[in-house]
Amino acid sequence: MMPNLIIDNKKIRVAKGTRVIDAAESAGIYIPRFCYFAELGAVGACRVCAVKFIDGPVEGIRMSCMVEAEDGMVVATDDAEAVDFRRHVIEWMMMNHPHDCPVCDEGGHCLLQDLTVAGGHGIRRFAGKKRTYADQYLGPLISHEENRCIQCYRCSRFYQEYCGYTDLGVMGIAQRIYFGRYKDGVLENPFSGNLIDLCPTGVYTDKPSRYTGRRWDFERTTGVCTTCGLGCSIMVSARYRQVVRLEAAFSRAVNGAFICDRGRYGFSWVNSENRPRQGRVAAKAMAPQKAAAAAAGRLDSLAEQYGAGAIAVAGSGRSSLETLAAWMDLCRRRSWRGFFFDDLAAAPAAPAAVSGLSPENVVSMKAVESADMILAVGADPLGEAPMLALAMRQAWRAGAKVFAIDSRDLEWPFEFQQVVAEPHEIVDLLSGIEPENEIGGNAGKHAGKMAAIQDQIRHSRFPVILCGTAIVDQSTALAAAGLVKRLRKNKKDTRLFYTLPKANTFGGLLLDHRVQPPDELIHAMESGEIKALVAVESDLWQNCTDRDLLERALNGLEFLCAADCMATELVSRADIVIPVSSVYEAGGIYVNQEARAQWSAPAHAGGTPVRITGAGGHPPRVIGSAIPGGDMPGAWQAAWQIAGLAPPAGPGEMLEWMTKTYPVTAPVKTMAAQGVRIFPLQ
Amino acid sequence: MHPRVLLKNRKSGRIATIDEYRQSGGYQALENAFVKNDPPPGDIRETLLEARLLGRGGAGFPIGKKMSTVPDNAPHPRYLVCNADEMEPGTFKDRVLIHADPHQLIEGIVLAARAIEAEIAVIFIRREYENAARILEREIQVALGAGLAGKNILGSGHDCELVVHRSAGRYICGEGTALTNALEGKRANPRRPPPYPTTSGLWQRPTEVQNVETLCCVPHVISNGAPWFRSLALTENGAGTKVFSVSGRVNHPGCFELPMGIRLSELIEEHAGGMVPGSRFKACMPGGASTRLMPGSMYHLRLDYSEMEKNGYRLGTGAIMVFDHKTCLVQAAANLMTFFVRESCGWCTPCREGLPYILDLLKRIEAGQGRAEYIEMIRKMCGHMKYSYCAFAPGAVAPVQALIEDFHAEVTDHIENQGCPFKNRQSGENDAESHY
Amino acid sequence: MLPETYINEVEKRLRRAVHPREIIIDVMLEVQQFYGWFSDEALEQTARLLNMSPLEIEELATFYNYIYRQPVGKYVIHVCDSVICWMIGGYESFVEHIQEKLGIRMGQTTDDGMFTLLPVCCLGYCDLAPALMINRTIYGRLTAEKFDQIIEDLRREK
């Protein structure tokens, strides 16, 4: 039954359980709010969402966040009494507000500012004193300015209820309410950056981006976070050719309204002084195209000398799908030794993960919140995919039971029961879980706990099996898929979730399921079979556990070329460096762990930040008609340059090329804002 | 002489013993209810409803009706909470009731618990009532010893554990849902239904919160029946007696148990000893600090829930605070508002910020810096308080609303003459009273 | 440091409690009793006892008025400033007298650490107005002389 109601003379039909404030918004009527935030629920504290219920089951002035839409309701948001009350609420909030908008980092994108102006409270009448507070040091990422607080309680609710951390909260009483910590100190919550987005005024502001500009000064666009395999939606702000700040962007399917701090603050590399911005051949700087041409020459002569099989490419899941496709195809066309995928060192079970997922058993991160039972095997969401831990916490808050089978000391922000088992034991334990029979397999000393897990699965409506790919091997990932299959056969809607290390681990394996792991590359380099390596946004060095071996292997190379936007170890050792644009400059498609391809739009044109080119001068500039450092190719374009060919003319043509060359990627052509799921072709 | 029910065992200087309480008929109802199951829980609820016993903690909600909202199949344990927070300024009847006859309260609690089949009863008592808390703890031991509480009461197989919980202060803790949060070790912000406490209160279990005086009435209602209880009142719709706490400019401030529906004038003149010499009645608050000031024109009003409601007043806790003609009501209102400003829990905006705003305006008026438009500002803001989160803020502005409506001249005098008339005029000769 | 026996007792109570949070206020008040006020040490000790974060304790400690987060004297004098005591006692002049007698203002503690003066809401003894509470003892129907006598007695008792 979907209630029908009338708000401001508009007929509106909404899903049962929709709050009137949201019902109105769905019809384009924005009701003011401070304390209400959908993810955090309604608490009715600020009282600024008051509207008049004229007819129906509820009558009189009520808080629209606290009332669920019902059939027959007639609501007026513009009722004189309601408007006057809301104006008073704002006036009350402004009594103690410092009015420091000109020096406040929130100024210009402040909900309090907007609603104060919109509410018509323009002239101060209150003649009393303002109360003032001392601020706290909350760490290097978040500034605290408590005087601006309007006591919406969003921060403490998010921090404690939503995230489960207890070092920030609400103290005091009456007009002396104070939000902060017991004492100064770095916030412990790995999601605390969301306080900045959540705070409707400037109590919590982004510290690293202080003094970099107002919101309207920035080039802003939505992108995909490339820090882990989840692909959360982010809002990128850039100015003067550098990324200034990342915020959470809303994504219904993936991350909802929040992101983790690692994602929010993990971008400093892109502005780094050390980032490769010029082509380099030996010690000589030159234009990127020239460096690429020089590399092409070396590769051609090496191929002639040793055969094409002596050349290899190393790449990683931090590249866009376009980049991965371009280089994989280049390898194939040139009959090089092959494309070696770094991610397989970090996540040996990743290929099984990609083959295990199907349109039937896949689950989005947001949907994990509605699971009523979660079994995590060999996975540490808080470490590997932080936002997933938050989704699991929401499931737990709603009553889900969470179990882990893992050998590590896990600390998650919710209760769970752990079966302490070594990674190699997990396969047996998983295959012992039967939808109907007694617990089978060789559960051994874990039999009791495994029986409890099996029992819970049986009694749950929507279990999710969560499997890591880092500490377990392929057989475990396959066993997880097998379990899901057995349960689904038994008519239980069970879903499968794998954690993957990089933004495009899935994408790389989607393009080529037989892509090779890097240890084979290293052995072939050491044995001298491979003489030349092109490292494309490669983390080979970072992922390798045997550094000595890698050192020997690299020393055995005749030629190392690195195409990267990061100052990696390989870049500093390379004979030729081709600098490439970052995701924020070039954009790209990323396929997350649930097979969802999403387009990350470029936020700004590439080029060396004014901070660097201006070298502190005033005005900060170099004279010339071109953007300094603006000639960096995208990493996919570099593949054509190195082949001595003209790359597809732009993103459109590139997409054309990719979907033709790799038919599996065809769905990206119809990609909506929420992305599109792509599974391996059967 | 009016009959006394709740305070009939009151002795000066000492508390009534369990034997004295028994001799006056105490614990008879409890014994019958537990040993003979007469009346059974459903009938207890029914009788309380018929008796029209209204909550004495301020809201005047029928106890029987509240009990009937506990779902039959509701889970256990269920809780009965005895609200002995009594922080409403002017109110001290619960203290007197506990000091006078603690077993009456204990029996009331155990019976009320029986009515909703609650097995745990918590007495939430304010910090200032340490003596009362100790009395209760001691007498609970006595009751436990006599098998009248605790496990397997009088061999009936039913339990009622009694716990005394001391508060650490704050008026808002007396609000039923804030009290629940306080008991759960949370900040004592109120909770807004749904769910209602009788469905999901303390620890998400059915919870019935009742005032001390309400619970003290319960054994008498059960022993003597609903018609008897109703007949105690002087008004048609009233029921029972009421323990009034009278304070202020009267000769004998104190607690007086009188029939519901007694006239204010009779209460003051015949029981509280009349106004102190040299004082004339100007106004009173009939039910504690969160009720409207009653002007002299209401002097003969009958003190009873429905009578008063008809006239726009609330009996509240029955705390009668009497102001005389020499007291500045602007100052008094500012004093009351200071209390509310300090005690607001800080959850919602109107209360947390709006009350200090009103206080600021009142103080300005009192200090001779008032402006004509302040009255309208105060009126508006007070009117908006009904849209705050709980009943605290609407109660907080009740005296101020009465001030600007019924004592308008006194306020405008402050504004027009830029000062407090009560401070400018010396002794009794030029009483400000003649103006108002 | 809190006595071992007390710590053991709280731990026992916690183990028995169905809902451990229900004893927080009791423990806070008892720990305060031991330390004289609810110092940082007392707060952190309470947090450890109850297995909660210091902030969670602070959230409660700063809510209630009988948890003292600043040092107080041996005797804390809570002077009722609500309406009846204000009216009957002539609040301004009575408080003025108290402050003079003790040589401190509201919110302060005497140098010898004996007395702290705090305003408090209606104590529920309006029939005995003006009233005040010293530690947990109520004094009513006060006059300047009566107050002085109480102070002298307490000083002598030490």
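Labels for the chains are A, B and C, by order of writing; each one numbers its residues from 1.
Throughout what follows, a residue touches a chain if its C-beta (ideal position, glycine included) is under 8 Å from a C-beta of that chain, and two chains touch if they have at least 3 such contacts.
Quantities reported herein were computed from a predicted structural model and do not represent experimental measurements.
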item	value
Touch-based graph of the chains, sorted into line, ring, star, complete or other	complete
Top chain pair, ranked by number of contacting C-beta pairs	B-C
Rounded Å distance, chain A centre to chain C centre (Cα mean)	50
Distance between the centres, which are taken as Cα means, of chain B and chain A, whole angstrom	55
Centroid spacing, where centroids are CA-atom means, of chain B and chain C in whole angstrom	25
Two or more partner chains touched - positions in chain B	170, 187, 342-343, 345
Per-residue multi-chain contacts in chain C, two or more chains	59, 63
Where chain A touches two or more other chains at once, by residue number	170, 172-173
Chain B contact footprint on chain C (complex, rising order)	18-19, 21-26, 28-29, 59-60, 63-67, 81-84, 86-88, 91, 121-129, 133, 136, 138
Chain B residues touching chain A - in the complex, by the definition given at the top	170, 187, 192, 341-350, 352-354, 356-357, 360, 364, 377, 380-381, 384, 387-389
In the complex with chain B, residue positions of chain A that touch it	44-48, 50, 61, 63, 66, 84-85, 88-89, 91-93, 95-96, 125-128, 150-151, 153, 170, 172-177
Complex contact set, residues of chain B against chain C	86-92, 95, 126-131, 165-171, 182-188, 203, 245-249, 253-255, 289, 319, 321, 323, 327, 332, 335-336, 338-339, 342-343, 345
Chain C residues within the chain A interface of the complex	43, 52-56, 58-59, 62-63
